[in-house]
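These notes open a run of structures that come right after.
Next come two complexes built around subunit A: one with subunit B, the other with subunit C.
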Partner chain A sequence: MKDLIIPWDETDKGTPLRVGAPVTLSVDGIEVTVPEGTSVMRAASDAGIQVPKLCATDSLEAFGSCRLCVVEIEGRRGTPASCTTPVVAGMVVKTRSEKVQKIRRGVMELYISDHPLDCLTCSANGDCELQDMAGAVGLREVRYEAGENHFEVRAGAAANAQYIPKDDSNPYFTYDPAKCIVCNRCVRACEEVQGTFALTIEGRGFDSRVSVGAPNFLESDCVSCGACVQACPTATLQEKSVIEIGTPERSVITTCAYCGVGCSFKAELNGDQLVRMVPWKHGKANRGHSCVKGRFAYGYATHQDRILNPMIRDKITDPWREVSWDEAMSFAAGRMRGLQDQYGKNAIGVITSSRCTNEETYLVQKLTRAVFGNNNTDTCARVCHSPTGYGLGQTFGTSAGTQDFDSVEHTDVVVVIGANPTDGHPVFASRLKKRLRAGAKLIVIDPRRIDLVRSAHVSAAHHLALRPGTNVAVVSAMAHVIVTEGLAAESYIRERCDWEEYLAYSDFIGDARHSPEATELLTGVPAAELRAAARAFATGGNGAIYYGLGVTEHSQGSTTVMGIANLAMLTGNVGRKGVGVNPLRGQNNVQGSCDMGSFPHELPGYRHVKGAEVRAIFEKAWGVEIDPEPGLRIPNMLDAAVEGTFKGLYCQGEDILQSDPDTKHVAAGLAAMECVIVHDLFLNETANYAHVFLPGSSFLEKDGTFTNAERRINRVRRVMAPKNGYEDWEVTQLLANAMGAGWHYTHPSQIMAEIAMTTPSFAGVTYEVLEEKGSVQWPCNEAHPDGTPLMHVDGFVRGKGRFIVTEYVATDEKTGPRFPLLLTTGRTLSQYNVGAQTRRTANVAWHDEDVLEIHPHDAEVRGVKDRDWVRLASRAGETSLRAKITDRVSPGVVYTTFHHPDTQANVITTDFSDWATNCPEFKVTAVQVNLSNGPSAWQEDYNAHAGLARRILPAAE
Partner chain B sequence: MHPQPSDQEIRPVIEAHLHLEGPLLPILHDLQARFGFIPDAARGVIAEALNLSVAEVVGVISFYHDFRKAPAGQHVLKLCRAEACQSVGSEGLAQRVLANLGLEWHGTTADGKLTVEPVYCLGLCACAPALMLDGVVHGRVDDAGVVAILEEAGV
Partner chain C sequence: MSPEKMVMMANQIATFFKSQPGRDQPERIADHLNDFWAPRMRAQFLEHVAAGGTGCDPLVVRAAGFVRVPAG
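Entry: the complex of A and B
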């Protein structure tokens, strides 16, 4: 198969790349120089010679079981396997001697004697390494007669006891033991690449079969990441889509639109029909790995629920009316301008999407700044990582993570705070687990016993199971231990940080009130354990901190981010490989949407809108005057709407009703607006309050770029034509032009050119550069033409790193007699965010409803049994869902996910928020749980409203 | 499935070996010694205790033919089927022994007294055909010899 886009070498070199001193050898008379430790097989491949192989693939360590890759080496006895033989200087290798050719044919003959000869009807026909190798070794006959075998259903009259039927329990791929050659690649991929260890070889000798150690794949530990399917050389593990459609004939490299890891994928197609998504081995974020969402859960893009025509209505109680794009645009533009005429220019605003491209986000914020004439733009980062932007901006000088994902390979001590990477960022988690298996130490700070705390071959050295809401106290206590026990990296601090500020900070943090002993009662973390963790981090070598929304979504989210930055500076862990502060961003382009000026106070590149010089750049580029006053944040927009001063909203690719806290308040705000324009793939929950619906395009249908959690700008490439007719940036442009903007972009590369022209950290980014390099990490400009994998290498961006005092202030959300439990929220592996995409895929096989995790003790005193319906109530509202009894949560803490609109977990969450950025306090809500017999009144009312609001009038005859 | 021992019975057996380096095989041996077989119920408990996956534990258990899924009879007779024994007629001997007992390979007599299993080399090639009864090896056996050995054991 040929890549239409990038001519990267896709050759499977058989064994992984090594780093080492150069070694020169000769392979079939060709001189080749490779790093020490390289296998003969890989050296041969570098010389342009492919040694036949079955059990070897370059994503896995050599195994040496198939015996097909044998070669002759001068001066050595026998025929060693080239995959397990390391190169030696001066080696003379023969890969095609008569002797090895004969051995290979003999081996192949044995393989084929226990393999069905149904190539023509096999789903891997044309994409089968066994087939390729039979050709490569020149197999012309099989002399063995059919005897005992694994592939015939019947052995004579009786059933064949060795035959195992196909397992198609997994929704996305099948396991057909009849086709298996027991090369072990799947088992090794599950272990080495994914780190789940769900597969094994059962039995021995002729009885050896690949097994999941469970009745079938779906009931096993398998997480459906697809690594085994990717590794399988035959049709044994095969995507169902390929079985159904056939092998793909072309491919396009693009970027996954799920989490912030930003995996590169090859979209493989027949015509414009997507056959499968396979992780791209040259993707620098994922290095050829994937998770169940990116690999398989793309079916939403063609789901029947997708709305493909624009729709309008006068009132939200009316049914929708399908109209032409022209009519929709003039209706929307007319209403928005009317609202501005009546209520003032600040009465309308936009919400940009963290799922759309940089170019699309840039246009949406430009719409409000250049066309609406105000700064009322905000984005879903408000509700997730806005404290990261603020906290890291204040301490280091840039609002982003400091490392690339490759950095984890050089880490010695990892701290994971308020993140659950195996569920939220699975591909990064696999890379982290690989490093942990190699000996790095792990410290988990999380109220829940997440999988990383203990799962096959991984266990945390320290799990600090803190009470939700006490992050600052725990992080400060760690800093206290480091400072008072003299473990701070003083020379690093003197060199790179503001020493005076450090002295003030160390006085503050050294105070006894920050000691682990003083805060133990508050945080619930045993002081000795915390001290041990702090010492391990300070003295264990390269220390890296990875954190997620469990840090930011608190009333003191920004403080915790600064506390984390303090910890990193205290221990000298910023500015080289293997260290750093790494926010795990939630959505595919949440980093990008922040970079692109989505916040009401910042123009692209995090430059304050009050700065006249910055405004001047955009005023010149856009030919308009920019309002110097920061606009409204999302919560302010909703408050203003309820007050009656904010009337119109253009919301692109975000479902604020489901994803934002205090659902009832969001609903009231939306209901009070007179023109809500929702631009989305589906009639989402927010659309129930909309007057205009503009159908969106999926990531498969557009060109653009996403920026992932490591600041990596990856290309998104159009794989198929937009089903709705327009890419999202075109829709925004239509709306802008309907309001008189006069934009005429014809390709997103022109938008990127405008971004590069106006934003210094993107100055060197062009589509040509991205084509050439695959991806770049910002800042990418004259000083860093290749981008910046590691930040703050020679010093902090802001000059001197700044220590900021982090006083712990308890949240106002407190437990009491009425609400004695603390609710915290998170996500699962198979579902994504509000579930709009993943709920419309077969991923529901793993998670078809949100459940409430509750400790056995708390369940028992309430008479709650597993799977019982329970009522979950807070000061803000109540909902009902089923209980799951587990000791993953501590007593006093309950946990749920927010993937399903039926549950509406955010009816419960309150409108408390981060002091600096208004990021909502999703992670702490005081609640009560008791038995219930079904959905709450709110759930029923809401469902009734949603049913009415989603009506679409039949098209006129 | 054979009646399984309870969690309370299984756990102490596992815990007794956790101090060892590489405790999996000692645990499996001890479980088999204690219960006569490796209970399916133990797989998850072992995996959790050793921080392995269930699949890995299954892989190890199934690799060794001597780890049983159900208890064997009171006595276990292993007849060698390897090359040296075959060359002096062990196959015929084995077939006759099985026929006399009315068993297939791996079968157990109705009274639960005896299980007959194949084994591939006892290291007694010079004294073929060889067998092993309850861990004790016997060489140069013939039909009468097998009967005598079994009688002596009270089978």
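Entry: the complex of A and C
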């Protein structure tokens, strides 16, 4: 397939798009019609006329400071700035009159008088708006003599007091004040787009400087999202990669491979060398914004740790031996078939990756169903959002979020439960914060005081800091308040939901045992606060619920998801813009991997394997018989392995040893298997127990699609050739064919065609459609040819929405004298999941180790000081890490992240799981914390074992 | 899987369905097991119940009658 030529208009139109009644005006004699509220500058751009500008850019509201964009308007005095002047019907605008051209040259002359003229050696040469504008206005001379300025290091014999040296503290970009024209674009980007408010302008007049209010960028509040770098018109804020390599000469639109927001990026290159990743303004998930991971943390793709050749070994105690692809495949295929011959066809299985593409995931599940002949396929969604699949499937009839991200712009009350968007889903968080600054109310339900509870210009109306494990009680208490105070949207419920089931539900939920007063002691949430939050949600206008793994990763994860769906239906908040139930997906393609039939009980499109008519579709397409029985889920595979009935595993792009709970149990399961095939970029922790290592390709090296949390199918495009030689779908095909499959795919588009042919919700998805529309949200088929931004608009997918009784059941994981604290886990902004990618980038500058957050009261009684080594122990195991004393966690609760394998937070977590889906209860573990001298014996043993397990024999001479 | 873990999982499922209205809880528990438990897990479960069902919620024992016996 040829390189993509994007038909989208990339012109910077100066000010943002408006929505409104059409207004017609004339610009330089060209008639143009634009929405009311549009600026004259944008209208001119629509007419094909670019008014010179410096402080304006269409990602930011107009500011009107540079005066370069002045125009003349018939009947108006003076020369108004076109960026801040809204259009009026019949307006006659002149953008190139002699008068304004003279003003512009004068303005440019002043700018240039305080700017170094080192264009040829400047890192922004060729990518500098100041340079472009000097050309555009016809600047030919600068009459001002050198005087006081900001760019010369010396002023005569003395040092120039106005000169500030370059700040290169941030690992990814530099701030060079000498190049700054104080246009405010960076400050406004930090404020309007990112919502961090890390930047400001200090001083007045000639003394005005961009400031981070800290010694440097790295020590400031800056979250390194790159919005300021993007906005800067000069070399003042510039990517280090551009400084090192030079300006890029071509670009490819692709999709970020980090979180479930699924941002669109322009990968900008010189040849096949990636120069930078720039968020794409036409990306419908991110609308031109990015975070530190997607924007900057791609260096892992070329990290020296990447394994590029296949490797095998007989025993996991042997060193690895590099072999040819042929040898690796025949070794792997021989072993897997041998295990089936010896232990039965169900003795092997696969784990699909939520980081790989839809096409790759589809092939891996097809491998087990069509080639292995069983349904032993599972995916990392098991350990994150499987309860979402079950809970939303039961209540609404479909296993996905109901909205697109744009919907948040129409929300009046937002409930965030068990999610930390500013860290886990930063670009969505920025869009949410923008809405909150515009007046929407926020209710946070989380044991920890996440940043959204209180940060710059955002504060939650209610923070219900519940005890970990009491989600169902809190959600039910909110429903209780809504039902008993007569706030339920009865007409909506009568029309759209099963009324009989609602009556049973309202009887149940109206019982006094669900009242906030009755559950206060249990949940730790003050009843009055909970009542106020429930009323605010029910009566505040459009109410939207966003939730994360703090909801799902519990014994009652599925029940909480149902409780959330109940709340949305109770208040009439499903089926239009600004409302809905929105699971925030952890990994880039969790949604897609679930859609693609990765679960052992369902074929692609969430159809249970027991259905003969569904099996028939795939039996016909694949020419095999499909097992009607559900296969093993990941925890079941590990249990079966320990028991001796599950012997072989093909694990693509997932590190179960680090990411799954109860590490010792996972290790025992893996060690008991006779053939573990790890397909990954790196020798991850799971690979310590592998017999075959198949090198993977990064998202930059393959074609395919990812499906984000809003069901949006986005193209992933090959930016460079795979360093390992094959895209991941090709590797799976090699393995399948080595086992006799006879597959002949030559491009992922053919795999998508097979998905579309077999899966009704994808029936209209083709690569051609994706090229044309940029992206589509499933269902995309004959009924919805353009895809489906909002679900359940005219009624629920299952017919009538179903209220489900949600009785709170305390988890068996209880605190007691031995383990008096509750541990909960989460993510930090700069790192991603097990850190395999982000730890191999400069993001470690922000988070180079996992720490244990502990409340000052709990720390004091244990004699723990900040940065002390502490031992963290549960009934499952123990580990050691450093303490961080903070009141972000409540007394009785401790918190850590699991990004670093040295910490092994999952040695602590237990094998308790969600009742319906076996999703592990990561978020609640009873623990004890006390002082320690350093790493635990387990950590030392583990590191020693990992070192041995990663030995690679030198290649034979 | 250890019998204790299996019993705990079955009891968790029963606890949910016990809270649901209607009189068909055993059938719904069995449906859940049929839909999500692999044949070998169901076989182990049925054996355990047949051997007295130590630790099982009475509702789990009643549900066992509706659990599909794996072929082979």
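Heads up, the rule we're going with is that the second predicted complex is superposed on the first by the 953 of 957 C-alpha atoms of A that agree within 3 Å, B and C clash if a C-alpha of one lies under 4 Å from a C-alpha of the other, contacts with A are read in each partner's own complex, and residues count from 1 in each chain.
Heads up, the rule we're going with is that contacts are C-beta pairs under 8 Å (C-beta built on N, C-alpha and C of every residue); 3 or more make two chains touch, one makes a residue touch a chain.
All of these numbers come straight from a predicted model, not from anything done at the bench.
In the superposition on chain A, contact is made by A:Val805 with subunit C only, not with subunit B.
When the two structures are aligned on the shared chain, A:Val92 is found in touch with neither subunit B nor subunit C. Of the two partner chains placed around the shared chain by superposition, subunit B is the only one that A:Glu202 touches, whereas subunit C remains out of contact. Judged by the number of subunit A residues each one touches, C leads among subunit B and subunit C. In the superposition on chain A, A:Ala842 contacts neither subunit B nor subunit C. Once the two complexes are overlaid on the shared chain, A:Ser555 sits against subunit C while remaining clear of subunit B.
In the superposition on chain A, the residues of subunit A contacted by subunit B and by subunit C do not overlap at all. Contacts from subunit A toward subunit B in the complex involve residues 196-204, 211-214, 220-221, 454-459. The touching residues of subunit A, counted against subunit C in their complex, run 346, 375-376, 504, 508, 555, 558-559, 600-601, 608, 610, 629-633, 636, 639-640, 643, 645, 804-807, 809, 812, 911, 913, 915-918.
Here subunit C touches subunit A in the complex through residues 1-2, 5, 8-9, 12-13, 15-16, 19-21, 32, 34-41, 70, going by the rule given at the top. On subunit B, the positions that touch subunit A within their shared complex are 43, 47, 51-59, 62-63, 65.
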